[in-house]
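Take a look at these structures.
You will see two complexes here that share chain A, one where it goes with chain B and one where it goes with chain C.
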Partner chain A sequence: MATTFHAALENLRTTRVWKSIFRRGPAITNRTRSVAVFGNLFLHWLPVKVREKSLRVRAAYYLGSLSFLLFLLLVITGVLLMFYYHPAAPNAYRDMKDLRFVVSNGVFLRNMHRIAAHLMVLLVFCHMFHVFYRGGYKPPHEFNWVIGVVLLLITLFLSYTGYLLPWDQLAFWAVTVGTNIVSAMPVIGSKVRFVALGGNIVGENALLRFYVLHVVILPLLAFLLIGVHFWRVQKDGGLTVRSKDDDGKN
Partner chain B sequence: MMEKTKIESGFSSDAKKEPRRIVFITRNTSAKVKDDRGPELMTYPHLLVREAIVFEVLIIAMVVLALFWDAPLEQLANPLLTPNPAKAPWYFLGLQELLHYFPPFVAGILIPTLVLVALIMIPYFHVNVEGKPLWGEKASKRLAVVAAVTLGLLILLAVVDAWTIILPTVFVAALLVASYFSKATSGWMGSLRLKPLSWWVMTWFIATALCLTVVGTFFRGPGWSWVWPWGTHAV
Partner chain C sequence: MSDTKSTPAPDSAHASPGPTELSRRDFLSEVTMGALGVAGLGGAALTYQYFSPNVLFEPPMTFRAGNPDLYPENSVTFLQDQLVYIVRTAAGFYAVSAVCTHLGCITQWKPEADMIACPCHGSKFQPDGKVIAGPAPRPLPHYSINLAADGELLVNKLEIIKPDQVLNV
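This part shows the complex of A and B:
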């Protein structure tokens, strides 16, 4: 059974339709395996070959990759949530109730988006600290570290702007507390806060601004910079491996 | 007589004959081109299979979690009804805990800005790029400096009564001093003795941030007073 399935798959890969889609036959030689990576838009930012050492779990604990996975999951669940959400007060809150009581799998959808958001913040922090302890910021990786710091900020802002959207007490006061701190900025503090909120209090304008930041501006920025980040990992010669990696430790 | 000239174009593919990358030669290593890249494997399938597996494991874990834990939803936002305490999301609660000890400008603007600048500058410091141990040369002098700085910091923190910062600081300082006096050559103490200063600073930062965040999240109640997560108020 398994072998017939396997044979069928192998046959499929030699068909003209398969080749027309993937621009190659079965990836069984090193050449076709290379083409499988650089000939594919979605994989071309990966190197064709990777050092065995950087494949070891300890090299990255997959923290960067998992951050990216969470970003993708957030985009998918986020777009689905947008079908049910109005960025207005108090409609936004009613939409949350609808998600819970009316929409099929609405609770599950919201849960996944929420879990992925918190986990992404956590994993991006872990990724940063892990890169630090491995010395992954050292030349020629310096600038990729800086891009990373900007990505950390974007991740935090993404999470924070999303926090307001349910328009419940938790959301409202978390954002009120946070944006009050902005007024402590000397000279321009209250002006910055006014611009961020579109007013002096967290109200409907703030909800709209946070919404636009959350679903358009910040995700686009994040997507762009993640692209640059990945491209730099490859251009900088792959992950940092240390001579210590030889003994299989750390 | 025509001499047969050898025409070379482009780069040779032999990196040992014709190095293209400026390598970083660290002290205590020889200057020869070290082939430390090790064996390489094809990205397809070796890397992609591994990524697919960890991706699936995480997704399955999240789905299971999403079935048993529900995203919170409280009452409709009400500007007239301030909850006590009003808390920011967990990743900002370390800062909110700082607000308890320092004026808003220091806790909310100055410290985050300094942390951010420090983070960005990490790759550009270029001191001790080789990661030499703190307790290498001139160890006793360094101990004196580190002790003075730590004590100064602790006194400052004691003045504002910031014991949720004092606690992790004392903890990391204790490890630091222990590693100075230790004779261990292996095990975790042995490896601590080899850590550079940057390692200690970052570890102190993470320990402090962790302590502040955990306390801010689980141990702070009305008026930012100390509470136990299981519900009883402290006196």
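This part shows the complex of A and C:
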């Protein structure tokens, strides 16, 4: 069985379609493995060689990777929720209730989105603390640290914009209070609040604005910066920050 | 008629341009960067205008509060649609905002304690809007209140008046 499968795979590798996609032979030597990683859009930002040390659980407790996995989970569940949700005044609340009580498995998706969002904020903070206490903000990682801080802010903004979408009392007052905090900014505060809400009160305009930010602008920005973040990890010399002590011990 | 004849000393000008002279390339790139800057600023201004709505479907800022006889003397009445208290004292009428000056929550009139209280962060106000306790930084504003031609109370939320201005009916 295994040999026939192997033979079939070998056979597949000789087909024209396979060769047109991968354009190289099997990755059996170090060189062909590197070339395989370099030439793949989805892998090219990974280092071609990874130190075993940096893959250990204790290296980073996979906090960044888990944050990214939660982000992907949130994108998937979020897109599925969008199929039933209207960002408009009477509909939004009813759609949220429908998702909980009427739509098949809707409550599962909604809760997954909600819980994953809470967890992502938690994990992103844990990731930041871990990187901070390991000195991951020091050269040559300074720029990536700044990108990480921006990603933290985007995570919080995503949480906040998503907070309004259920359109219940909690959402309404949370955003009323939050945007009033914004209006405490000197000089431009009330203008910023007016533009953020699209009016003087939390109404339909505000719901639509927060929705567009939540489902389009902030996720795209997050995707872009996550890409740069991962790419810089490789360019800055791999995952673990090696101190002199580390080198001495290992 | 060539350029070299009309220009007095083309070679020397080319070799040692004065401190204020620009090369054609520098001039064009500066003009281009300037134009892009102006276009960027204009674009930012247009975007800001686009995001500031001109028509709002919000409750009107002026409203009629009914006949003055509806309000007994020494009473505080909460108008839920307008988020305003109509207060009638022996001196007359005034209209106080019901929106907390701290973070915009809707306050509640507590007749048993004779005060206005905010449920969000615990600010407390006198019926005339003065802060008794809590994080509210300012007293509740008084809105302009007048009598319409037909004798009904007319409140204008766009016009904030001093707390000592009272409508005597």
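Quick note on the criterion: the second predicted complex is superposed on the first by the 199 of 250 C-alpha atoms of A that agree within 3 Å, B and C clash if a C-alpha of one lies under 4 Å from a C-alpha of the other, contacts with A are read in each partner's own complex, and residues count from 1 in each chain.
One rule holds for everything that comes next: a contact is a pair of C-beta atoms (placed from the backbone, for glycine too) under 8 Å apart; a residue touches a chain by one contact, two chains touch by 3 or more.
This is a predicted model, so every value here is computed, not measured.
After superposition on the shared chain, chain A has more residues touched by B, the comparison being chain B against chain C. Looking at the shared chain after the overlay, A:176 reaches both chain B and chain C.
In the superposition on chain A, A:227 makes contact with neither chain B nor chain C.
By the touch criterion defined above, A:121 reaches chain B but does not reach chain C.
Residue contacts after overlaying the shared chain place A:73 against chain B, while chain C stays out of touching range. Applying the stated contact rule after C-alpha superposition, one finds that A:195 touches chain C and leaves chain B untouched.
Residues 173, 176-177, 180-181, 201, 203 of chain A contact both chain B in one complex and chain C in the other. For chain A in complex with chain B, the touching residues are 27, 30, 33-34, 36-37, 43, 46-53, 55, 62, 65-66, 69-70, 73, 89-90, 93, 96-97, 100, 107-108, 110-116, 118-119, 121, 125, 129, 132-133, 135, 137-139, 141-143, 145-146, 149, 152-153, 156, 159-160, 163, 166-174, 176-178, 180-186, 201-203, 237, 241, 243, 246. Interface residues of chain C, counted against chain A in their complex, comprise 48, 51-53, 56-58, 102-105, 120. Interface residues of chain A, counted against chain C in their complex, comprise 173, 176-177, 179-181, 194-195, 198-201, 203-205. Against chain A, in their complex, chain B makes its touches with residues 21, 24, 36-48, 50-51, 54-55, 58-59, 62-63, 65-67, 69-79, 81-83, 86-92, 95-96, 99, 103-105, 107-109, 116, 119-120, 122-124, 129, 131, 199, 202, 206.
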